[in-house]
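Structure record follows, encoded as structure tokens.
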Amino acid sequence: MDYSKQIQEIASKLFAENKIDYFVGYKQNSFDDSQVPFLITDPAEIPKLVFTDRSVFNLANYLKPDHTKRKRVGLVVKGCDSRALNLLLTEGQVKRENVYIIGVCCEGVLNDKREKAQNCVECVMPDPVVYDEMLGTPSGKKKYTVNVDIKELAKMALNERADYFESIFENCIRCNACRHSCPLCYCAKCCLDQETSTLYHGANTSSGAMHALMTWSLHLAGRCVDCRNCEKACPSHLPLHLLHKQNENVIYENFQQHLAGMEKDDRGAFYKYSLSDPDDFIL
Amino acid sequence: MARVGVFVCYCGANIAGVVDVPAVVQEAKKIKEVKIAIEYKYMCSDPGQQMIRDAIVQNRLTSVVVAACSPRMHEKTFRKALSDAGMNPYMLEVANIREHSSWVHQKDKKAATDKAIDLIRMAIGKSIANEQLHEISVPVTKRALVIGGGIAGIQAALDIADARIPVTLVEKSPSIGGRMAQLDETFPTLDCSQCILTPKMVDVASHPYIELIPYSEVIELDGYVGNYKAKIKKKASYVDFSTCTGCGTCTQKCPVKVPNEFNMNLDKRKAIYTPFPQAVPNKPVIDAEHCTMLLKGKCGICAKFCEKGSINFKMVDEVIEREIGAVVIATGYDLWDPKPYEEYGVGRYKDIITSLEFERMVSASGPTNGVPIRPSDGKVPRNVVFIKCIGSRDEAKGIEYCSKICCMYTAKHAILLHHKVHDSHAYIFYMDIRAAGKGYEEFVKRAQVETAATYLRGRVSKIYKKGDKLMVRGEDAQIGQVVEVEADLVVLATAITAPKDNPALARLLGVSYDKYGYLSEAHPKLRPVETAKAGIFLAGCTQAPKDIPDTVAQASACAAKVCGLFSGDTMKKDPMISTINNEFCSGCQNCVKVCPYQAIVTEEIPLGPGSKEMRIVAKINEGVCQGCGSCVAVCRSMAISLAGFTDPQIINEIVAI
Amino acid sequence: MNGFIIETDKTGLQKFYEEIIGKFETYAPVEKFGKYDYKKVSKLGECDPDSPIEMTMSVKPLFFPKTAKVMKFKEDNTGTTVSETDEDPLTGQRVILGVKHCDARGLQVLDQVYKWDYIDTDYQKRRKNTLIISTRCNKAGTQCFCTSLDYDVENSDAHDIRIVNGLNGKIYIQAVTEKGETFLKASSIKHQASASNATEELSKQYKSFESSFRLKMNYSEVNAKLQKLFDSPEFETISSNCIGCNTCAFICPTCHCFKITDERIKDTGVRYKSYDSCNNGYFTLMAGGHNPRPVKYRRWRQRALHKFVYYKERFGMNLCVGCGRCAISCPVNISIFDVVNQVANV
Amino acid sequence: METEVKEVKEKIVSVENPGITAPNGWQPVIIGILCNWCSYAGSDLTGTSRIQYPPNIRIIRVPCSSRVDPWFIIKSLQTTADGVLISGCHPGDCHYISGNYYARRRFLVTKKLLNFVGYHENRVQFSWVSAAEGPKFAKVVAKVTEDIKKLGPLYRYKKENF
């Protein structure tokens, strides 16, 4: 898929009609075929905008920082990105009138090995769920499948699995890149930064990392849209999606097949309940 | 630097019998923050409390840990002791070493002692993180708003007003009285409904503490318990009540005839009308939908004949505001429309009527002056078939619940029919007879015996016309065969439902309602008249189907609640509620979503000091917050903390073990 | 000084490595989650001394660990008692294989700050007891620019022994420091100096290596310009793309910001020293709420200028060693190289 | 105390780290977080009716089970506890109307996640105990204690033991 032309046209239109202050898209890297987010205020930059199956990063992340938060922003979103954006709208982080959303019907993006990314293979919603303008033809909602890695890990013996995760937490250097690259981590001050050590593990020990990552994943439970920004950002290449997919899986199976950010005004599974929620695990 | 005092109680042998108290005290002394640790036989006794008070003063303690019985037992006692010693009462922590240790580990003294030590350590840890709290006092506006002028509203209004508390009674129709005013006689005593109701209606009108606002609706309510502000829309009546004498000339002269809803459209009223003769206030209003003057701009006869010149066609809706402290909702009920029962020919056969229509007919002041007639030909019916549970207990066509009153009023109708038409005969098709209530069962017996009404257990399958009669085919389960009754008139005991605008009202008032539209009580058993929203109460059928005695009882209960609420100038409130730290709040409003009391709202604050850009943050309404902590657990940025159970306190407990 | 050179081949090198691993506590790049990190190895098979720079973390953590216990403390009615931690600052000899030239330089740069003002004894111990064997890259990574900085990569003395894969398929082991020379002499590998053309081979290899660089800049010019560009508006534009994730600082071979946290259970606790980053909004937040760097571009300015100006002024070395890791692991591919050039060439 | 002696004989192994066995006479520490209105009242009733249960549990009082933030559980397991029991009002009985419904969802996900990263599922348990269910509370505590004794001491992901 290549929508570079269309996006350039729309962008220039938006600037011409003075509908936006910022436009967020993708730009080709100078040294390889990968792309980077591209934040422009100057229409002259528009020709650099591209969109192909290498446009990986979730741009909803660019509605977080102060310099764009309250501005009028036009941006390009894929299926998963639009779900994140949906949540940002519901949670009052973005005003709908402030964003002009170009939704792309995604056909899956390629990872650095040039093969279809795992989350795209398992994608449930490739089409944008919220948009002002849609590019491509929607292919509709897909069937939910349990993540392959989760299946694998479920087979492991308890202590083996524990060893595996211990190694993940050991390799974490707690740079918090995962958090900063997550479009849904917008807190004014993250609870994991609060330096009151009785509350939190400040140290970069594996137990500290475990504490941080677990708390983080629980804060994203029922909200994570599986865009894998965190994983792309992680300098230690940790498989962070495991924790999120596990939660997503439990939530999907137990709470009316809930998936994050699908409907407008849906805050996620932890902010509503049903009388028929499973009770069997409770004594 | 925290200075903690630890006071361990023997509770006679209750604790000391199992837990090695001196050892516990020694352990407590080892802890850094502990400045004094003492033991005593009965800490809750006066000398015990005196020890605490002295220790606080002598050791300049900043917090106190009492190791004794459950905090649910003596927390208040010891808090008092603290405040007597000039210390903030909320710097107290109670370690429950009786219910949680000595009493449940009697066989294992060592383990019990170790556990007691841990429990005390936890309490100390927590107490160090305690904050000084102060009882919240919320001012109250001593005026109640009653919504709905039926018997429930009337009763509540009168009871409250009699306690010299001003009441604003809002009724959407031109007159108070509600459904009860439409009834002829009431079960089980058969005393005349009007006779017992109208005096109360007059009392309402004349009561110095009641402000009656008829023909109006509540359109907005904000604020919280004790401090609500209500907007009330007075619908244009086109008649100036202040000058109108209610002489009634206008209604006689008005040429426009309109179906009369008070009489279930069995007769006609005028376009300018008073709903019924005993209406309160007894002033006419103009029905804008039918008045030719208002529609076409010609006519105006009423104005010509009105000597006082009270008619004013230019009148418009006006909105008034009232500051109130509590609300009683008494919006009553609607009747279920039996249309779905086509097999009975509802709508096709004129002579199938609903019970309330029948009620109006047999009412002496009704359209037929108390004689039941067949709508088709005006003849007086001889054989009348009553069918119960029309809509009630019928998941397929109607609603699941039992309307509760139909059994009784049908029995009443059988008796009334007998009174009015002596040679008549009543057939009653029923599923069950539910006559729970004082004198109810006897009343049903009376219908069966005295008036020889034929009770047929079974559903009616079909009604069809034969000549001018209606053939009612149904099953008599007792003899197990199909019966057919030749009826002159069929009366359907239609279910009662929640008023159709209840959900809208509920949303406007911020109370919850069930799937039928009935407003929900705070607790099905223990708080049946309160709603989940503090200061808003429920009376009558707006909560669930009820008969008159239950309705009146609940109305009076509401009044008692309101009076209790208003007993002081301010309401004292436990300070253990949530507070928001704006610096951390990211304005995601999840707390707003999960708060069961709508105690959290949002406010806009400047982005930074002096900046023009605004951001949204949550705001706790301390008048409403009950301190459950749901919001704290869902606050990802930890902007909310629950006084008395803050994160540091709980974590201190966890790490102290 | 550049000591003598030994010429050998793959197997020779293998033997050399195996001998070291057998004799000493050895660290080398080990792959985990598709990323190479310097870990203790017990046999050569586990590690890959020639790991590609794009996928290799720096050696910094072996000297300045991502977290370390500073002290232990215990509180009771007698007061607070502080005690040493049970953590052992390295005692025995330690060898690190496959260190990149830039990393080695990074340590050299770090030494300056660690032996200035407060002397970090643990760090010094680790440095003293470690022998660094570095492998010279044959090809520059996409983000590398070590050659265009303020140090001589070819004759760098940041490592004790240098291993060069000659273009002629031969492998040259060169002692760089005395420490390295003695070490080499002690090893069983044949000592006699190799063919005279060795030096040419080395420089040939370096030439081809140097020519493979995509990024080149004129360091002195950039450095000179930056000194005057504190108020450059460019910082704002270049930082607008940054998502503030701090990765750059955490994986940088020379960043040395840290934070102090206490962890306590019951009445005992431990004080930790862990990585932190000047890119964190709260990093410069002071008690009382004042924050000199509340906005991103100021933090970026600090980062860029500290790397290319302040440190140079204070210690005569550039804090950035041109390994390009920040650009590689940056989720939005911001490169310190582009930043400084953009700012400088306004 | 016979039971305890027996345990010492048969050497309890930590499930998460089969390498490590419990020290002699090891007794688990269990943190119980109880809601004020139902479960805490229930536990008081257990006391007043003198029903005996194992002494391993340490009880923390919170207003409502919905106050329990999942990371309290993580924190407990990482610091002092070998197991955690959280107890609230039965569905529909919540003093605060709906608190325990929200809590229930969080608990399920948390329990599964902890098990996923390598805690035995019995380390964290939940129960509904009403103010009238003194006997039930004793039973629950007994069961949980038994379970956790079987699992052995918890070392995995512990804060460095000082």
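For clarity, chains are labelled A, B, C and D in written order, and residue numbers in each chain start from 1.
Keep this in mind: a contact is a pair of C-beta atoms (placed from the backbone, for glycine too) under 8 Å apart; a residue touches a chain by one contact, two chains touch by 3 or more.
The structure presented is a predicted model; accordingly, all values stated were derived computationally and were not measured.
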For this session: Tally the contacting C-beta pairs at the A-C interface and at the B-C interface, and name the larger one.
Result: A-C
For this session: Please compute the C-alpha centroid of chain A, do the same for chain C, then give the distance between them in whole Å.
Result: 32
Exercise. Per the centroid of Cα atoms for each chain, what is the distance between chain B and chain C, given in Å?
Worked result: 71
Exercise. So what's the Cα centroid distance for chain B and chain D, whole Å?
Worked result: 39
Exercise. Rounded to the nearest whole Å, what is the centre-to-centre distance of chain C and chain D, using the mean of the C-alpha atoms as each centre?
Worked result: 47
Exercise. Hey, what residues on chain D touch two or more of the other chains?
Worked result: 75, 79-80, 98, 102, 106, 159-160
Exercise. Hey, what residues on chain A touch two or more of the other chains?
Worked result: 189, 198, 201, 205, 270-271
Exercise. By residue number and range, which residues of chain B touch two or more other chains?
Worked result: 594, 634, 647, 651, 655-657
Exercise. What topology does the chain contact graph adopt: line, ring, star, complete, or other?
Worked result: complete
Problem set entry | Touching residues on chain B, where the partner in the complex is chain C | 29-32, 34, 121, 655-657
Problem set entry | Interface residues, chain D side, partner chain B - complex | 1, 27, 29, 31, 40-41, 43-44, 46-48, 50-53, 55, 58-64, 66-69, 72, 75-76, 79-81, 95-99, 102-103, 106, 138
Exercise. Any idea which chain C residues touch chain B in the complex?
Worked result: 75-77, 79-80, 264-267
Seminar exercise, completed: Note: in the complex, chain B contacts chain A through residues 583-590, 593-594, 602, 613, 616, 634, 636-639, 647-648, 651-652, 655
Seminar exercise, completed: Residue positions on chain A within touch of chain C in the complex are 29, 31-32, 34, 36-39, 57, 61-62, 64-67, 167-168, 171, 173-177, 179-181, 189, 193, 195, 197-198, 201-205, 208, 229, 232-233, 235-239
